[in-house]
Amino acid sequence: MKVAVFRKAHFNAAHRLHNPAWSDDRNQETFGKCNLPHYHGHNYDLIVQVIGDIDPETGYVMDMKVLKDLIKEQVEDRFDHKNLNLDTDEFKTLNPTAENIAVVIWNLLRPHLPKHLELKIRLYETERNFVEYPVG
Amino acid sequence: MKVAVFRKAHFNAAHRLHNPAWSDDRNQETFGKCNLPHYHGHNYDLIVQVIGDIDPETGYVMDMKVLKDLIKEQVEDRFDHKNLNLDTDEFKTLNPTAENIAVVIWNLLRPHLPKHLELKIRLYETERNFVEYPVG
Amino acid sequence: MKVAVFRKAHFNAAHRLHNPAWSDDRNQETFGKCNLPHYHGHNYDLIVQVIGDIDPETGYVMDMKVLKDLIKEQVEDRFDHKNLNLDTDEFKTLNPTAENIAVVIWNLLRPHLPKHLELKIRLYETERNFVEYPVG
Amino acid sequence: MKVAVFRKAHFNAAHRLHNPAWSDDRNQETFGKCNLPHYHGHNYDLIVQVIGDIDPETGYVMDMKVLKDLIKEQVEDRFDHKNLNLDTDEFKTLNPTAENIAVVIWNLLRPHLPKHLELKIRLYETERNFVEYPVG
Amino acid sequence: MKVAVFRKAHFNAAHRLHNPAWSDDRNQETFGKCNLPHYHGHNYDLIVQVIGDIDPETGYVMDMKVLKDLIKEQVEDRFDHKNLNLDTDEFKTLNPTAENIAVVIWNLLRPHLPKHLELKIRLYETERNFVEYPVG
Amino acid sequence: MKVAVFRKAHFNAAHRLHNPAWSDDRNQETFGKCNLPHYHGHNYDLIVQVIGDIDPETGYVMDMKVLKDLIKEQVEDRFDHKNLNLDTDEFKTLNPTAENIAVVIWNLLRPHLPKHLELKIRLYETERNFVEYPVG
């Protein structure tokens, strides 16, 4: 049976929710305070889940130090203390909702993990709002 | 692939575990301190999970403000600062265990969500006792 | 210099805020939802702080097992799974606000601690509302 | 003896640390990633402490609903989902460090509290960095 | 539909990661600080999940007091304040990684639960490193 | 008025409570499970508090990056993943109770901080047992 291992990381970033194809009014109505023009920000808590078999020699599904370094390289160094809308390629045209950020992080990490390991992302925008991808 | 979004809420309520079809002794033996006649109470932490596809226009699975208001209307306004056994229709004859409260909350929220969205409830009675419905 | 040691405990109880010398209207206006007649409840988190010198033989200010047992005897066994207004002598005539509960707990524990040790109580009614006694 | 009551609140904001009297190099060297030009952000957790005597009629040091509303009006409505540097009068010329934000919040709340009540502010910029004002 | 009930427990233990079939160099390279010879330790937080149908008479999937006592007997009394490598039969030859500890705990609890109930283990080695078994 | 800044850190270590001047029976009776011969361990959470005036040029009481690095150098690198009794000079003859560890950490950090800044240590051995030094 499979075991899941989880590693928690975090980054602090500014963002603003906005659809450039919409009028200002529709943006304001849809995104409320999250649409304010000068950005606001969050302490994002990220939990990366990797699922696989236990290696009988190490007792590990995956070396957590390797996963920690991978998250730092691919996620924290890219997004920490940044303005997601202005400073990153990923959200130049993609709205930085928690849902979209989770999918982006999955796409950033997936190529760096062995194919036999499954990957899931949980992202906390605040303690009260969070997302998980993929589901099921 | 599907994304899950989670919204955390809470309410404070009194309750007592009791099966009126049983003798006092059997109730006491089964429910222990939770059967004491004058009620006790909890800070219930509720996590509502909604699963669906990301809307490409908004980047949302569902507007969290809509979900927040729905939880307030259907759950918090109904149960907060209430005695679950005496003050609510839902637990007049149903034992207010964490399991039953979770199912009741699912039934209260389900009709108000679009059919294509899946719904799950996690309810913390204390930090050490919690439940989730449905599973799998 | 003095060292403080802290022990965390908890109890779940029902209560209602009410001043019997007042009219129902004034009670309702002052205490709002906390005045509802059938009680509501909380998971109370209690942090007991004891201040003193380190005993050079043990390295302890006070044996935490002794403190843990004292809190169980004097506080948890008395209040856990009880209705504070109906089931306890302490709140028969005293309004069970977090402030008053903290002072009552201090008075219950103080006689059982050696005189050279200082005592402080922090009580969380919810994660967002808590009190400390005494101050300074 | 005095009792302290605490109310927790929060707001999400963007900021950037910068001293306009300094060169870019000195700013970068001093503030590091916090000086990045396009802002980053935080989920600020705020704990407001009010110290006073228990009112024997209510059992309250202060009505927590009044304190909650005051924090919403004076702090949350002013700073939540804002860019502290660009959108607020308070940080137009004052560097929005956690220390300065705590002092600003104290100054915003102090005039609205009765004189006989003492006021302290604790502000969490992240779970690992936080400040308290005043001390002692 | 099934309901999951969760019970949180904890134990404090020392351990060291080491594969006796390997050279000291390979152990050091693979396990890093976790291989240091004199052991280090953790506060392990354990969440036991039991899945089943709600009993209509009790409103319980399973009596949490029974589960609490079972965890105490089978897990806490066995591992709390122990050196996992030296003091336990389970890890005499099995490397006490979080993954292996979770599987061992599952194997210890499984025989004591009714067959119609499903069992899952989540184990926190630290707040940032945790595992779950089985998955899916 | 003074401002306090806090920085949270952590380390995982093994320890055993034991007074070599005492008989085995007295050690066992005093320290209970904490006296077991092969050590157990904890995830120690450390909160370092520094009190001083805000520097008007930076808005800082102290640069948190400097404090973070100092804690890493003086505390984490020394104690993390170590056996406090066997691997450290500080606890060769001093009983590694939470109280004594807090005083040792204060003594390790104090010489590296400017004299005008006040220093306090809070150390969590578990979520339920913690200490603070100095007090008042």
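Labels A, B, C, D, E and F are assigned to the chains in the order they are written; within every chain, residues are numbered from 1.
Here is the rule we go by: a contact is a pair of C-beta atoms (placed from the backbone, for glycine too) under 8 Å apart; a residue touches a chain by one contact, two chains touch by 3 or more.
Because the structure is predicted, anything quoted here is derived from the model rather than measured.
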item: Intersection of contact partners for chain E and chain F; value: none
item: Fewest hops from chain B to chain D - one hop per pair of touching chains; value: 2
item: Distance-maximising chain from chain F - centres being C-alpha averages; value: B
item: Interchain centroid distance [CA atoms averaged], chain A/chain B, Å; value: 28
item: Between chain C and chain A, distance of the C-alpha-averaged centres to the nearest whole Å; value: 41
item: Contacts with two or more other chains, residues of chain C listed in rising order; value: 127
item: Touch-based graph of the chains, sorted into line, ring, star, complete or other; value: other
item: Contacting chain pairs - touch in the sense defined above; value: A-B, A-D, A-E, B-C, B-E, C-D, C-F, D-F, E-F
item: Contacting residues of chain E [partner chain A, same complex]; value: 17, 19, 21-22, 30-32, 94-100, 102-103, 127-136
item: Contact set on chain E toward chain B in their complex; value: 1-9, 51, 54, 57-61, 63-65
item: Touch list for chain B against partner chain C, complex; value: 10, 12-15, 33-34, 36, 38-43, 80-83, 86-87, 126-127
